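Note that the chains take the letters A, B, C and D in the order they are written out, and that residue 1 is the start of every chain.
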Amino acid sequence: MNYQEILNTIQSELYHIKSNGKVASYIPELAKIKPDKFGMHLYCINSGHYNFGDDTERFSIQSISKVFALTIAMSLLDDTLFDRVGVEPSGDPFNSLVQLEHENGIPRNPFINAGALVISDILISELKNPKKDFLHFIHTITNDNTITINPQVYASEKSNSYRNAAVLNFMKSFGNIKNDIDTVLDFYIYQCAIEMSCEELSTAFMIYANGGKKLFDNQTIIAPEKIKRINAIMQTCGFYDEAGEFSFRVGLPGKSGVGGGIVAIHPEQYAVTVWSPPLNPKGNSELGMYALERLTTLTGYSIF
Amino acid sequence: MNYQEILNTIQSELYHIKSNGKVASYIPELAKIKPDKFGMHLYCINSGHYNFGDDTERFSIQSISKVFALTIAMSLLDDTLFDRVGVEPSGDPFNSLVQLEHENGIPRNPFINAGALVISDILISELKNPKKDFLHFIHTITNDNTITINPQVYASEKSNSYRNAAVLNFMKSFGNIKNDIDTVLDFYIYQCAIEMSCEELSTAFMIYANGGKKLFDNQTIIAPEKIKRINAIMQTCGFYDEAGEFSFRVGLPGKSGVGGGIVAIHPEQYAVTVWSPPLNPKGNSELGMYALERLTTLTGYSIF
Amino acid sequence: MNYQEILNTIQSELYHIKSNGKVASYIPELAKIKPDKFGMHLYCINSGHYNFGDDTERFSIQSISKVFALTIAMSLLDDTLFDRVGVEPSGDPFNSLVQLEHENGIPRNPFINAGALVISDILISELKNPKKDFLHFIHTITNDNTITINPQVYASEKSNSYRNAAVLNFMKSFGNIKNDIDTVLDFYIYQCAIEMSCEELSTAFMIYANGGKKLFDNQTIIAPEKIKRINAIMQTCGFYDEAGEFSFRVGLPGKSGVGGGIVAIHPEQYAVTVWSPPLNPKGNSELGMYALERLTTLTGYSIF
Amino acid sequence: MNYQEILNTIQSELYHIKSNGKVASYIPELAKIKPDKFGMHLYCINSGHYNFGDDTERFSIQSISKVFALTIAMSLLDDTLFDRVGVEPSGDPFNSLVQLEHENGIPRNPFINAGALVISDILISELKNPKKDFLHFIHTITNDNTITINPQVYASEKSNSYRNAAVLNFMKSFGNIKNDIDTVLDFYIYQCAIEMSCEELSTAFMIYANGGKKLFDNQTIIAPEKIKRINAIMQTCGFYDEAGEFSFRVGLPGKSGVGGGIVAIHPEQYAVTVWSPPLNPKGNSELGMYALERLTTLTGYSIF
């Protein structure tokens, strides 16, 4: 497969497409990002790196961090973890409280905000130094110690987190949050404020394409049967209320963030990251969705 | 892969498991089925048939028929089909009217009842002899002309279809049903009343594992890119409000029916059907879910 | 109280007000009504009739008929009637199926469509000649045998009743409809198609202001304690999702219809009807609400 | 009307009735109240005080305080107040977040928790010393300076207020809370922790029966047209999701609290308070509802 040729084709197609999407504005700091940024980086198990555009520029990973958080939690705990958070798609916008009310404070899955907040609560209970340990996990899987948070984004989200505070208080009223609410919220916002480039995300997500092992040193991070489950959750829940559309059009497990990034993996083949800040009305990168759809169309391969 | 050995292992494990599930009772005729029936049939592209138990006994395919209906509709129409029915998981029980009200009569996906009723409406508009043509499609992909409906089940559902009539009238009030309501309902119930065995279903679903081609004569039924999309919808929407759980535990695209059948496929590998009538609270065969989870665990392979 | 002077004041104020409302269009026949019709008729127990405008012109009473239907049902049955329909405001648009789903097919109150359909079902079970008996009831309380339905409106609604058919099928799936669906729907539409003038409605509603007795011959139609209960339901449920607003602004029990009519009563004082076809977004006559608010403001009296 | 005789009859009937209700337990301090407490106090404009039982023992007024808060807010502000909180019944349990989500953070009415929290927020903006001024208002309308909060109840609620904190954060995310969340929550809990006896509540509520004037000194607290509106809101929204039932059975405007108190008024006639701690499943005093229903049945008078 000539991946670089395919990426070049996608890049040239993108010149002719104008996004109708809008850069996320609910966090003032994110709204400052230039909307015409675009990067794509594919890391193939067998044949290495392919890329174009702004693929080495770091951006706010936002909800993509939820995959790392779940991975750490699943590596520490057994399936009782899923007594506190489900694995079903939500069928509702990502920050909905409705379903939470009908289902007694148990979030539908770990990739909606409510579920990720429960995972944050779990990590605070399980980790000695949650923030440091979280960054350390990313440093380990990327082999890069320079990755860290953007302090402006972190501060910006801290002062705009009423919806997440509502969700946390609501779940605590059902007994599904064990730690102090401010501590959980702070840790959650910290994760979201981490910045990584397309290249770094593709490297990090190689553990999901490679059965739980880092590619660069073959070290196991998490058991392969757990990786399969994380990939399954990405497939059904990775794109807010558009997981079906992504599955239908792209056909790969993946995760998006409101920073405009999307990472997807083809098990045993590759990890690929795209970054384009303007979001569609469902909150996913509009051109990122397009680029990944073109990738599986032009290669002729998806998981289906 | 020694599939027969793996199936034997699953069969012996099943002796020790008691299902807490309940045979579907909302259709009186279905409630008469013996709960201890169990059949499993795996049809491998490369190595043929593996099976045990009641795998040649026919049972009511019920909602599994929705996959055939969607396949016929997609083979006749282009993507404008999806203006009338979505591809997102519903996050609600299979017969919910709530979501339909919030989303103006456009069902979430073709595998909830509302969506399948829209597909029935489309097929009535597109096919000359809808019932005959539908059966003919199944005869073609199974190479078996004896498959037909169970007239008692058909009659039983006809007299217990108020919920589906409500859904149809509701969608017609939004303009999303074009034909006469009784005609659509009759055709929908007809499809559900078809009876097939595990062996026949695995043969029929080979087109989904084999890129749209029948295995026995290599004839193309539907384009491979459309098959990928149908598989994606099965993955995210095939199990009512338990699609995430199935994806998480089994990791294959599939479709269940309240008759107790589940069919799943591993693209380019196999199609597999299990039949065990007792259903879990979400409406899926309890032991069927178990058997398929064991299959992907024992083989070590899923799509993820 | 000089009611005629107050009505004159209201009439002169109305010259200066332009309604932003829209004439009901979901029934084609209703859409033909001239939007500038306006009539008002107040019938005082002690001092007789006051009026202006088109108060003797008949219009489609639509949902105002629900009050008569409930009155007949309550005169025939005891409180077990309320096992099949509640007395709580719905907090949802008048034709919502959502609440019905959450509450197992028991409508919130007899003045939303679902509840009125249950009352229709009850009357079909209880009355010998439902349509004839219903008209007879209205003839009795108005002392006018010429009141009847508008056959065009009746036919128009018959061919546009998918939403009500959905509601009926849905409730029948819960066991809360006993008779044939088409029969119930036909009877319901028949009631809505009755035409009465402001004067006739004020005369009819005198039984609610006068403790269950007709004023013109002092004959008891229904026990006073039952009248109090009907008035209470009008107060909390008489205006779809705007009952609170009406209570807040007007402070009288009443009932509106999409034909543009509103009837309200002041117990032991008067019955008053206004008619102005343009409806506000909640489905109530916009100028009718205004006129009644002015009435209780200018008289200085409401029930509160 | 011989009110004392009627109250005696009710008291003797209550000996034979066993409540199936349960004392509120979500606030540990409230759960300590003896369930067999019962007091009733009717204060008639023309003829003074009637009573039996524990009518001079103070109890936690809880949500009854919402009426005082609304009264203060309406006396300070014009109708723009109702841009931030509606006047419609909610049709949902008293602490639901669902409706709030669908209606962009504008609570349905001032007597559900969300609405009362908005009123608290408004009072904090408008009053110099909110807590002191609130108590002062009650002292003024009761002519009793000894009324104050129960510090144990206050502390108990402070440590169990996650649901209300969720609601506040949620509304703040929509911009409908202006002040600091902890400050609003603290003031809200303070109001709820006030203790008054049946006698004191009947005296306080005399302003609602008496057109806005205190009876003991004829001083106007709030304009009569505003009193009418408050009474209307009590009628349609005063009993959580049971306002229709109360209106249907009792026929008076009123307000209940989870402390087991209910106050109702008959405009221009009387204010009446009952106290019995066991609550029915909707959160209203079970025997209190019964006693008030008997009152309007035995007197033969309600507002309808």
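The working rule: a contact is a pair of C-beta atoms (placed from the backbone, for glycine too) under 8 Å apart; a residue touches a chain by one contact, two chains touch by 3 or more.
Treat the numbers as computed from the prediction; the structure is a model and nothing was measured.
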Chain whose mean Cα position lies farthest from chain A: C
Rounded Å distance, chain B centre to chain C centre (Cα mean): 48
Rounded Å distance between chain B and chain D, as computed from the means of their C-alpha atoms: 55
Approximate Å spacing (C-alpha centroids) for the pair chain C, chain D: 32
Multi-chain contact sites of chain A, meaning residues that touch two or more partners: none
Topology of the chain contact graph, where touching chains are joined (line, ring, star, complete, other): ring
Full enumeration of touching chain pairs: A-B, A-D, B-C, C-D
Partner chain B, residues of chain A touching it in the complex: 86-92, 99, 108-109, 225, 227-229, 231-233, 235-237, 241-245, 247-248, 251, 253, 267, 297, 302-304
Contacting residues of chain C [partner chain B, same complex]: 96-98, 101, 162-163, 165-170, 172-173
